[in-house]
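Structures given as structure tokens follow.
Two complexes, one shared chain (subunit A), two partners (subunit B, subunit C).
Right, the complex of A and B next:
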């Protein structure tokens, strides 16, 4: 079979000037996704119209849902004289025609570089009466030449808290949940677990019901889901914040802590057994209640499932590519399954914090582990050529490598543009862990069966 | 339940009224304040804040050039521009696959402050050394235009050092919409043309322009022309090769499909080499046949038998196709379609194609149509058809519901809107999975329309389910 990525050599040379086959994308799309998690919010891209079109297309391909967002439609003129008049006109147009509750403006490389001061422009819009009473405009700075889609998400999460949270009044008895850059189904799952623990939550943001809505025969620009403006205004009155995923959630949680004295715990994403335990434990501490039988039951089912198939996990090598928060939790889960996560690449510039954490988790597996932050899929592929794993976990783009090297692929991460399910079924929580086990076992055993000669082709596993 | 989609009047910006037109004796949507005397305003920048379906200059350049499979395509900018255009179109190659990799200088804050020229130089040298491409295209993005990197100078330097064409594409996103990008791409390509020997090119020869070989379409078209006895010198840019483009000035005729994307190239070639061009469309029976007849007509003095060969191809293909289409028509007769596509040229062919299936087009629009395009559209559409330029989701969904259409033809962002409304969809853009060109393409199109329009899933959509129940009740009551 001819190789699609035949241009990838095995030998690795250090590259400083070049990214090949990225394992990240730019900040604004993360900000747009986060904004969709506010009810009645219209995201707005302050830049050229291509940025907005690309983000909407990519999110549409990933979620198979309509994604609406406005753009300042920069022209040559606005790039020279500044985008203020475009943004002012856009704010007025959008409130008049699309009637959102909130407009969430994120910047782009273009508007950042020409020096547009978005908060100042929003102030001006307010003073000029372009923001109707009871409506809001929030913003985040997300130049594309800094960070990645993950930090763009984090910046907008912080932006929505900063822009909407009101000074403390009276305690609301709730817990803020910052679920991280995860799927709508995952956000629903972390809320469900909290509900089972008897904890009332404000989920910031919450795309469940927004980017995985039902077919109703109507096109709704603002689907029913999302954290409401009232909830965001009230999040300063919560008794605590559980932030999941350092890169996607820590900034927002810390802001709430310093600004409104809402104490936070920053956890890993609750993917897999250990990390979900940590989340449940945090909920237990806050609720001051015992873990209910129903949750213990789900946990027991996950452990049961692992025990039933543990022999097939034993020392299977896995290569992972994706976002830093996901990779840490997944690596932890794989190690607990007795698997060997050997190549781990994130495109996000995540620094030593990331690599040290991975090294710490994999310290005792007895196998050389390659880990890279600010890497790309070209390097990932080269590592795979040098030491071939039994399984790849990554987004849709990993399928080129999977095909060329003939390695099974479990899709996880962003974007997934060629399969269905990630919108509707979580990989967080114990049930999410079960879904991951199902996928991994299916991938490994399907491969075993495909390759088995007649005489060793088995019925029962 | 709040419903933002139902009222039609408020969903249209006042400023957009002259970008909407209703043909003939207006019905329904005529009261929306739309342009009544026909003079549709188009090819102007989108209104700030509009949820436009349009893209940028970079996007236009990238889609035109990317199918050139043995060239290096380096995006000079932050990672997003490269990430979102990585192998996005499914443009097929019969040989090299270098175009399906994503190369970016991945500009960081430091580069924005100190300039990205050194980085660009290093990236180019490394990539050229490793991949030995036939040429390199360097795409400029918004940020590069702002920080003022001299990509022309870097390209020139590398070109001299490495002895291959390194072509800057001036595709800064803010320069305009996709159309501006097509022009930048054509300018870059024009630097390649005329740089290789054409002594062995036949006087009976053509270039195929404006086809990107999605789902292998250019192979179908190429086969027809070769069966007519013509030499195909270059396919631009589907299944494209640098060496072929270098020789394309030797062909006797350029065939231009998708007038927006490659017409600027054909015009440049006409000015520089006196190379004539013909506008063609390969979608639908009439247009496909016409595309063959027009070319035969052009070459008939040099080759008197060519028209007979063209007729033979059409007779053979259409003879096999028509009985199959009749099967589909039985189920599709009387159904309604809405069309919203990138370029208006595609809309013409689609309207004719739907007529073959007994279907009526109730709404037609495009992102980048010209005034002439819209005038031509208005002339061929049935009375009451809504014509829009640079539309948005609210507008589109309101019109679709008003006209109660059964299928929407559009691009990636429109698909889920159609599904939410509970109607069928056909991707006639980047994500088409079937070859839709040529006579075989008409069959595939009919199959795709049939597949989606008659899908049982729409029965479960509340609006239709309620309608069906009402009819059932009514029948019961009569009995």
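Right, the complex of A and C next:
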């Protein structure tokens, strides 16, 4: 079959300047996604209208849901003289026409390069009466030339806490959950586990019920889901914060810790057995709750599934590309299944913290592991050509590699624009672990069956 | 913003006119004033035709459908060309979002022929590059790209911060081309100053892209394609394989497509574009100026064609045959039409009873909102409202208004090339007498009458539609199908109205030509007659009174 990525050579040459087939995108889209996790919030992109169009399109393709957001629609003039008048007009127009509770402004490379001071502009909007009483405008600085979409998500999470949390009054007995840059279904699952333990939570942000809504015949521009302004105002009164995913959640949690003395634990994303155990255990400790039988039952089902299908996982090589938080938890899970995660690439500049963590998890697997932060999918592909894995885990773009190299692909991460399910079915929690197992087994065994000669084609696995 | 479905309003001049009033009421006064000029009832035709305001700045915060100049340049125009290494100079986002998202199908000649479409190249600028300038990194990126791929051409696209920090992409391209040429390497490198903030929509990006291709590529190759009737297709981007259908159709007639701008195209197509004998324009908005320039510089006349809709396809094929004037070609065209029609008629006969009398709204692009009305008309459907995302007044009202379009500051920022007849390459394709003879028989060169004359008086024309207006339109008139892009799709569908994407075709298509028309008829039949919209209410929501009478307690 003709190759899609036909110009990718096996030999790796060092590149200092050229990125080919990115394994990340820019900050503002992460900020836009995080903003959608506030109930009644209209995200706003302070930059050229193309940024907003691109982010809305990408999020829409990923979720198959309406994604509303405003843009400052910079022109050449505003790029030279500053975007203040555009943002002031946008704030007034959005409150008048679309009536959100909150507008969450994020910046772009354009507005950052010219040095627009968004908090000052918001302040001016307030003084000029452009923000109706009881409504809010929050903001985050999200220059596209720093970090990645994950950084943008983290910055907006911190921005919503900073912009809305009120000084401590009386304890609310709740636990703040910073679920990380995960799917709405993942956030719902994390909340469900807490609920099963009787722990009251404030999930910051919470896109469940927003980017996976029902078809009802009604267009709710502000769906029922999302963390409410009241909850965000109250999060300073929580007894603790569990932040999941260092890159997506640590900043927000630490801000709550230093500013409002809400102690935080920073965990990995609760994907897979070990990382879910850590989450449940942290909830138990922080909230002083017992783990109910129902959760132990689900955990047992996951362990049962692993034992049932372990022979098909054992020492199968996996190549993973995605975001740092996801990759750490997934690698941990794969190692716990006795699989061999051999090529691991994130586009996010995640530094030594990331590579050391992966090295630590894979230290004892007895196989050479390639790991790269600030890498790209071109390098990922070259690694795959050099040492062919049995499975690829990555976003939709990985399918070009999967087809060229004839390797099964399990879609995970952002964006997934060609399959359904990630919006509705979690990969977090024990049930999420079971779903991952289902996907991995299906991929590996379907491939085995496709390739098996007549004499060894099996009915039962 | 929540919507409840209720009985749609009657379509009449009165209801449409009052709709405008109702919608504008919600806006702040300044916004209402501006929108009222971009929003009209299509009630007068001919000399009294109303004037619409188009190609003007987007209102901040209005939730527009529009994208940016970079998207128009890199995504739309250069995106479909497979053998140019397109490097985005900027932070990673722009390169990422324009990576494979426009469904530009392409057909490389062999298994090893160049095809860079599945690749995204970027300088991935970081903070350091923004502070200290990115030209050095861009040069290095170009060197690395050459070392890896050895392409015949590379293009550089500027993103927003590039212009602001003073990186000169054109100078870098020039220098690098020189550097390679000095080493004896034959490569063309050119750049586009297509920063997202230029112009008011992607339309500016089309213009910047086409100007540069015209300046740096067209006319650089002497290779003349074989064929008796050689044309260029301009403004056809091969979404969902449309260009393949058109190529096949014209090929069967004996017509050679010398170059397509830019669906399924190669660098060499552009380079030899000046050798064609006729330019056929599909999307008037994105490329009419290229046809104008090619006529002045090389003497190639141009006509407007449209392969969306059977009637338009037939008309376009006949028009090309008429231009060349040979009976042999005319006969061949009639033969191909005759071969295609039975299948079309059979499908239409099946589908039309289910689509007749239904209504559509189209808000998309710079030509699609017009072209696709033909297909709906063929299915017996009426277009209630339509508008473009990034078109200009001439696309609404026809080319006759071009002299009266005022050039504002935003348009002035987009370079207009001054073009003269090329001393070596200018060659009139037809004598003045021949042209006059054709025109005397009613043949129209460079003519586009725009969308509005083709629409019924009881319809709305709205430029740069926004989310609020789209929702109000759907709530009030409940069309049977709404056409726009991905951002609009699911909001419309939440209201229980099927939404057809006319940018990406929802992974469907091709919709051009006869085969395409059949695909579209069947797709619209599926959309407007699917059972899914009937599932929205659960049985107990439809008949709540049954709950009490059948409850166990009462038994």
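Quick note on the criterion: the second predicted complex is superposed on the first by the 461 of 461 C-alpha atoms of A that agree within 3 Å, B and C clash if a C-alpha of one lies under 4 Å from a C-alpha of the other, contacts with A are read in each partner's own complex, and residues count from 1 in each chain.
Simple rule for what comes next: contacts are C-beta pairs under 8 Å (C-beta built on N, C-alpha and C of every residue); 3 or more make two chains touch, one makes a residue touch a chain.
Given the structure is predicted, the values throughout are model-derived calculations rather than measurements.
Because the two structures share subunit A, they can be overlaid on it, and in that overlay subunit B clashes with subunit C.
Of the two partner chains, neither subunit B nor subunit C is touched by A:243. Touch criterion met: A:19 reaches subunit B and subunit C at once. When the shared chain is aligned, no partner comes close enough to touch A:197: not subunit B, not subunit C. Touching of subunit A by both subunit B and subunit C, each in its own complex, is seen for residues 4-7, 9, 13, 15-22, 24-26, 28-29, 44, 47-51, 53-58, 60-61, 64-76, 78-79, 86-87, 89-94, 97-99, 108-110, 113-114, 143-146, 148, 213, 215-222, 347, 378, 397, 400.
Subunit B makes touch with subunit A in their complex at residues 2-5, 10-13, 45-59, 77-86, 97-98, 100-109, 111-112, 118-123, 126-127, 130-131, 141-143, 145-147, 173-177, 393-394, 397, 412-413, 415-417, 419-422, 460-464. Note for the complex: subunit A touches subunit B at residues 4-7, 9, 13, 15-22, 24-26, 28-29, 42, 44, 47-58, 60-61, 63-76, 78-79, 86-87, 89-94, 97-99, 108-110, 113-114, 143-146, 148, 213, 215-222, 347, 378, 397, 400.
Remark: subunit A residues 2-7, 9, 13, 15-22, 24-29, 44, 47-51, 53-58, 60-61, 64-79, 86-87, 89-94, 96-99, 108-110, 113-114, 143-146, 148, 213, 215-222, 347, 349, 378, 397, 400 touch subunit C in the complex.
The part of subunit C that touches subunit A in the complex is made up of residues 1-5, 26-28, 31, 57-71, 87, 90-101, 108, 111-112, 114-116, 118-127, 129-130, 137-141, 144-145, 147-149, 159-161, 163-165, 195-198, 200-202, 409-410, 413, 467-468, 471, 485-487, 489-496, 536-537.
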